[in-house]
Amino acid sequence: MTRRFQVDLKHAMAAVAAVAILATVSVAPSATAQSNTAVPAAASSTSTAPATPAATPAPAATAPAANSNAAPNSGDTAWMLSSVALVLLMTIPGLALFYGGMVRRKNVIATVAQSFAITCVVTVVWYVCSYSIAFGTNPDPGQNQYWGGLGNVMLKSVTMDKPFAIAGSAVTIPEYVYMMFQMTFAIITPALICGAFAERMKFTALLLFMTLWSIFVYAPIAHWVWGGGFLGAKIGVLDFAGGTVVHINAGVAGLVCALVMGKRKGLGHDNMAPNNLVYTMIGASLLWVGWFGFNAGSATAANALAGAAMANTQIATAAAALAWMVAEWVVSKKPTMLGLASGAVAGLVAVTPASGFVNPNGAFIIGIAAGVGCYLGAVFLKRAFKYDDSLDAFGVHGIGGFIGAILTGVFADAAINSAGKVHSALTQFYGCVGTILWSGVVTFLILMVCKYTTGLRVSEEAEQEGLDMAIHGEALHET
Amino acid sequence: MTRRFQVDLKHAMAAVAAVAILATVSVAPSATAQSNTAVPAAASSTSTAPATPAATPAPAATAPAANSNAAPNSGDTAWMLSSVALVLLMTIPGLALFYGGMVRRKNVIATVAQSFAITCVVTVVWYVCSYSIAFGTNPDPGQNQYWGGLGNVMLKSVTMDKPFAIAGSAVTIPEYVYMMFQMTFAIITPALICGAFAERMKFTALLLFMTLWSIFVYAPIAHWVWGGGFLGAKIGVLDFAGGTVVHINAGVAGLVCALVMGKRKGLGHDNMAPNNLVYTMIGASLLWVGWFGFNAGSATAANALAGAAMANTQIATAAAALAWMVAEWVVSKKPTMLGLASGAVAGLVAVTPASGFVNPNGAFIIGIAAGVGCYLGAVFLKRAFKYDDSLDAFGVHGIGGFIGAILTGVFADAAINSAGKVHSALTQFYGCVGTILWSGVVTFLILMVCKYTTGLRVSEEAEQEGLDMAIHGEALHET
Amino acid sequence: MTRRFQVDLKHAMAAVAAVAILATVSVAPSATAQSNTAVPAAASSTSTAPATPAATPAPAATAPAANSNAAPNSGDTAWMLSSVALVLLMTIPGLALFYGGMVRRKNVIATVAQSFAITCVVTVVWYVCSYSIAFGTNPDPGQNQYWGGLGNVMLKSVTMDKPFAIAGSAVTIPEYVYMMFQMTFAIITPALICGAFAERMKFTALLLFMTLWSIFVYAPIAHWVWGGGFLGAKIGVLDFAGGTVVHINAGVAGLVCALVMGKRKGLGHDNMAPNNLVYTMIGASLLWVGWFGFNAGSATAANALAGAAMANTQIATAAAALAWMVAEWVVSKKPTMLGLASGAVAGLVAVTPASGFVNPNGAFIIGIAAGVGCYLGAVFLKRAFKYDDSLDAFGVHGIGGFIGAILTGVFADAAINSAGKVHSALTQFYGCVGTILWSGVVTFLILMVCKYTTGLRVSEEAEQEGLDMAIHGEALHET
Amino acid sequence: MKMVVAIIKPFKIDDVRDALVAAGVEGMTVTEAHGHGRQKGHTEIYRGAEYKATFLPKMRIEAVIQDELVAKAIEAIKGAASSDKIGDGKIFVLPVEEAVRIRTGETGLTAL
Amino acid sequence: MKMVVAIIKPFKIDDVRDALVAAGVEGMTVTEAHGHGRQKGHTEIYRGAEYKATFLPKMRIEAVIQDELVAKAIEAIKGAASSDKIGDGKIFVLPVEEAVRIRTGETGLTAL
Amino acid sequence: MKMVVAIIKPFKIDDVRDALVAAGVEGMTVTEAHGHGRQKGHTEIYRGAEYKATFLPKMRIEAVIQDELVAKAIEAIKGAASSDKIGDGKIFVLPVEEAVRIRTGETGLTAL
């Protein structure tokens, strides 16, 4: 036993070393040089020159922006500092509890430890190289379509006073704040995947997988959509707060994980009822509250657009929770707390790309669609195709993300955000496809790397005994 | 069993339909046309023109204000966006856990599900019609004394850039943000009532009751005090953050519910000890922290008044917690965690109307009074009158709200808020009476509607088995 | 039994009375009059005059500042209001859960009640006198080196509009907000000490100890470093957010408590495994999230310095969590959730003094050092010297605080904060020594006061039965 | 001496204790249990996955008493634990050869 | 009548129940237990403090059955509970003198 | 073979286990229990509502041993579990007719 874990440890360390090396190797496909022209537009929300919301850029979205030299605004900065705290709250303790409440009692500690460890690993990876890959500006404009280069590794080009723009669009907050805001997105995305392989993955495999995924899947896709790459600037996919980058991406990766890793032992035979739905309720609530930072924070300013994004978030989430509850009530004859919580998360997911583009009526409809759609996905799709997406990472984030991405193209309202004037469900679909392909293929490759180094699944005995004791040597002693 | 829940479901759907119809019927008593003249006063807290706090309007309070055309201020907006998150945190997971920890183990999930479901239902109702009723401006000034009309259903008049004023008083934040802030108040108020009928109400009854209560009790009273109606503008009741609208209102409704619904089976015989005071402690803590958004947020600006409201909130809460603890220590010989938590909430309740009007010494005295007063209310009043206000919704929110409302009239200090220059315990008393009457009578009527449609109480067996399993088909599996 | 607690109650009341009297007696050593000259420097972060971060004062740090008459800035105020909420969240429910999860089941309620009660007690003490002692300006400049005097008891000199400066350095937020921000620091510091004497202290002793400690240890040291006293202004110790004032101080006090109070009965024989690491995970997460208010809030402005402090906090914390995890993995063969949580807190502690002075690389190294150093401290130092620092208040806060304080002197980077241009590990060391001496000696004296009035430890039977039932008459009923 | 073991519904525990005390039984030990029998359990459904609870919560009381008290104790339990619904539970009687009070070392009937 | 008491590994509980039911045992009562025996427990380490779990989680099943069923019940339990690893557990058989169904007052074999 | 059932105070469990092992008892099974007896419980008061704990936390140990070991086991338990306070608990001895080790199928004394 002791021996085995020492080996695991060695693997983990090798993995970390590997990352350092890989990070210095260019991973960008070479592309024709094509400059990413920044189209000027209005700026900041200072108190003296109140922004016309319709013309306010959503720098986290894909709107081209004008003034690439805005001074930091203390109000915008205040809101973004708060948003960082809110989005981190989503992962720890939010997501940790949301998932932790749904597993069996013998895996609770291991499940919450996954979210916590991912928070730590991605923080370091982001600081070391992912921020540079995602939000750096590659000096070669052709390569910049695909990745940001390594010019900002160890955050070496982040300064205190440099006027600061992302994808040619000025931001009214200091770069350190922007970097932190984006880091919290980079943290929660891989953490979401854990729902798909709950109760069976090795901890060493988790650490290695998340390190590589963060670098080779998340960072490039974030660059494509938000960092000046081809999906945002050129194709014009509307994704206000990360429906594609975060949710479709994580959902698809989760599906691949579930397929590759196989089912939990005893699925369909053992009682796998959630151990503590109070934890899940706390988790869902903190996800909800924290998502205000996620969506309204994606305005990167304290303005009317942030307010509208917040309102849309709230309305879609409530509608989705009620829709899931009613759907389940009709099908299974009981309205459940787990249904309310799941529906709320489905609504949060679906409204994410739409939050800064649609009006409240659009948000309401998106919520209803997501609540019913994800319920069907989590219950029937999984059953039909017989994969074990244990806590419905794909069922909620994949399907909800897809519904939200497409409907953003349907409901975008220029009265809310002029950047959404041109919108089409088809363009949105293209954006999804790009993400699905890259995420699916590279996730699979990374799983293979893990399989042949650390191994993917714990032993049968460990799965039976529970990961808490087998991996961590810890147990809940509630009685 | 199955059959019964299908019936329940039908009821629930009928209820939702009923609401839609009811919402389109005018419920305002006709009143003589009397315009609500806005008296000008100072405005916003921009960085270039710092507000003189003494002259700063508290738009959420009843102060008349001058400039009805203020530009949004990014700092104020930043604080209000954060406040929305803080106040939502109070209900989910705050109140859910506060109450969830106090019930018996078999009712924990059902209890937290009430707060969560109410959050969803009220969000939708608010978006559909309650915001319009509460904060719309009725074109008929006579009717405007009583309700805001239906001009803003589905938020149809909320725009991104419209200069924006409430009750003639300009606000320096976008209307979407203001609408969201007020929504979080509309959410927590009905959720508070749940403490009165814990462990015995049908879930269908809950959904119907809360929908109707939100429209016919909360929205009008909010309009009277804050939305330009007769209690605020004309009578001059001081209610900074909702002592009357939120707490007396919810407390009285709770008392009526407790009286109408009767006692829990086994009260006085069975062991009804709280299942998990750690949950209750978390809940009380999140209520406390979130209440900063509630009270300091009611300044609707990031200024000295918000700071003073925050300080008063903190001091009154701490004083009340200690006062309850000491009172219980003297009477029952032990200082308890439940006493600390209950006292803290009592203090938060009582300081709510006062927070932006009194100075710290006033807050300290209000806290002591609330701690002792609510302890007596929760322990002795309930026993004397033999009603089963299970988790003391009336004992804490009704009594605490009343103490706070009256003492605001005693301790208001013009050095903190010039709007509190004219203050009288008597005027405050009138404000309470109006609320008590409307809330009491309409709550009773709504209960009757529920009684003859969905029914109010679960069956005896369901109560015995526990609502978690009987209603939701879910259980905690902690061991 | 009854009798005994009545006696305890009498003691508690006597203690409160004593405090009131003591508070009016000058405790400052007389010192030669030497004025604390304020050196002017740059100011606020308004939108019109964006601060050059390098020149931005860190008023909570020890930088001299120029303009002592800055107008409040709404953006800065917004962030500080949010920071108050975040830092309070650290203590309740954060620290309460962090510690509550680590004790045995029979002491959970008592442990969380300690954090909650301390929050209440310190709030009142701060309002009554400690704020004045810490942040008042003593009219006698000689005395002002040591304490702020009693000119601001009951917050009597705090006004709504007075231009406001601390230690000669102007702040761009209203004094009420500043007072609240500092109060949250004053709350968490004594609460941290509880880890050292967990599971055995009398509740009456706790109340008395914390009251006195807050007045005679915390308030003076806060004045020395931040309030214009000799450690900050004259010696030039760099302490951005409280490494010395908060962590070394609490850690040393904890060590003295552990030594004076002796070991828990059964230590080394009974199974003392943590009862619920999910609570501990929630606690650690809320400490982490709340610490953004603590560290980034210590910029007292929403600017690039706050952003840098936030980034440093995040990076050091993640690095420390991973470092502790790996160290434990190597030594004990398992990576643990408790290790991740403990390491994260160690990182938060160590980066506290450094957060506004170092760059991310410095923060990363500080994190690694703290993770490994505190692991060794908590595991080996304690074992070697055989004291029962039950939850490692000294092991994490003392050692982590010391590592952070020294390394701040090593890694301070003028590109992040010009106030850190002159830095030396030796000066830092002097600052630590001053704090260690005062904290150690006065803590000991206060313990003696408690010992001979309330008594320090519960009876053997009470310890065996558990403090929940013995002190509070409450129990968890989870099954 | 006999050991009377009763399996009852959890919410009856206080009534049964009172009835036993009234019948002269001075000591008893209770454990939480789950029972399988004729009574059918509920089905929990979580996102479509059904878990049929074939074990239902019960309380298990065990009291060692003198032989003469057995009939009376059984009557007491029957009276207090019955709700006339399936699943009310069982009473079993087992022989006991010795009893010891730990504190005093007393044995036999005086130890009860 | 006999009381068959089986101590088994927790994850075998559903299999053992099914096997007993198949063998004709209609009722049984289960409690969570912890066992000490040959099987060695894990060590939990919290910040360097080691706690050796000498008690391991087990389930305790108790079923009162007619004498003729005992052999069959034992076989059923053995078959379902065995994992061929140390710690699989034990079966004990105790004599029972009486059984009562609380709901109906039936006694003896008909009460089971 | 006999089954020795001991009801003890929870904090004595480790001492009793050690004493039994020292006395030659190799296996035992423990369950959490609550006891009613002479020992009086505390009263919990929540916002004025009093709940008198008439059941107090206990541990129930059960060990099946050969007849010759019974006296020694009782002594061991008495020695380790006694705190000379009311509520220290009881020891009961019941006859056992058969024992089976699930893993090997061994029966009788060799199964213990």
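Letters A, B, C, D, E and F name the chains as they come in the text, with residue numbers starting at 1 for each one.
Criterion: a residue touches a chain if its C-beta (ideal position, glycine included) is under 8 Å from a C-beta of that chain, and two chains touch if they have at least 3 such contacts.
Because the structure is a prediction, the values reported are computed rather than measured.
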If you take the chains that touch subunit A and keep only those that also touch subunit C, what is left?
-> B, E
Using the touch definition up top, find the fewest steps from subunit B to subunit D.
-> 1
Could you check which of B-D, C-F or B-F has the same interface as A-D, with more than half of the contact pairs identical by residue number?
-> B-F
Whole-Å distance, subunit E centre to subunit F centre, using C-alpha means?
-> 17
Euclidean distance of C-alpha centroids - subunit B vs subunit E, Å | 53
Centre to centre, by mean C-alpha position, how many angstrom separate subunit B and subunit C?
-> 34
In subunit A, the residues touching two or more other chains are 46-48, 73-76, 78-79, 82, 271, 273-274, 282, 302, 332, 334, 336, 338, 473-475, 478-479
Hey, what residues on subunit D touch two or more of the other chains?
-> 31-32, 44-46, 94-95
Looking at which chains touch which, would you call it a line, ring, star, complete or other?
-> other
Who touches whom among the chains?
-> A-B, A-C, A-D, A-E, B-C, B-D, B-F, C-E, C-F, D-E, D-F, E-F
Which residues of subunit E touch subunit F in their complex?
-> 2, 6-8, 31-38, 54-55, 58, 60, 70, 74, 77-78, 81-82, 84-95
List of subunit C residues in touch with subunit E within their complex = 102, 271-274, 328, 332, 334, 336, 338-339, 342, 378-380, 382-383, 392
Contact set on subunit D toward subunit A in their complex = 44-49, 51
Given the complex, residues on subunit F that touch subunit E span 3, 17, 21, 26-32, 64, 94-103, 105, 111-112
Spell out the residues on subunit D that touch subunit B in their complex, using ranges where they run on.
-> 11, 14, 42-46
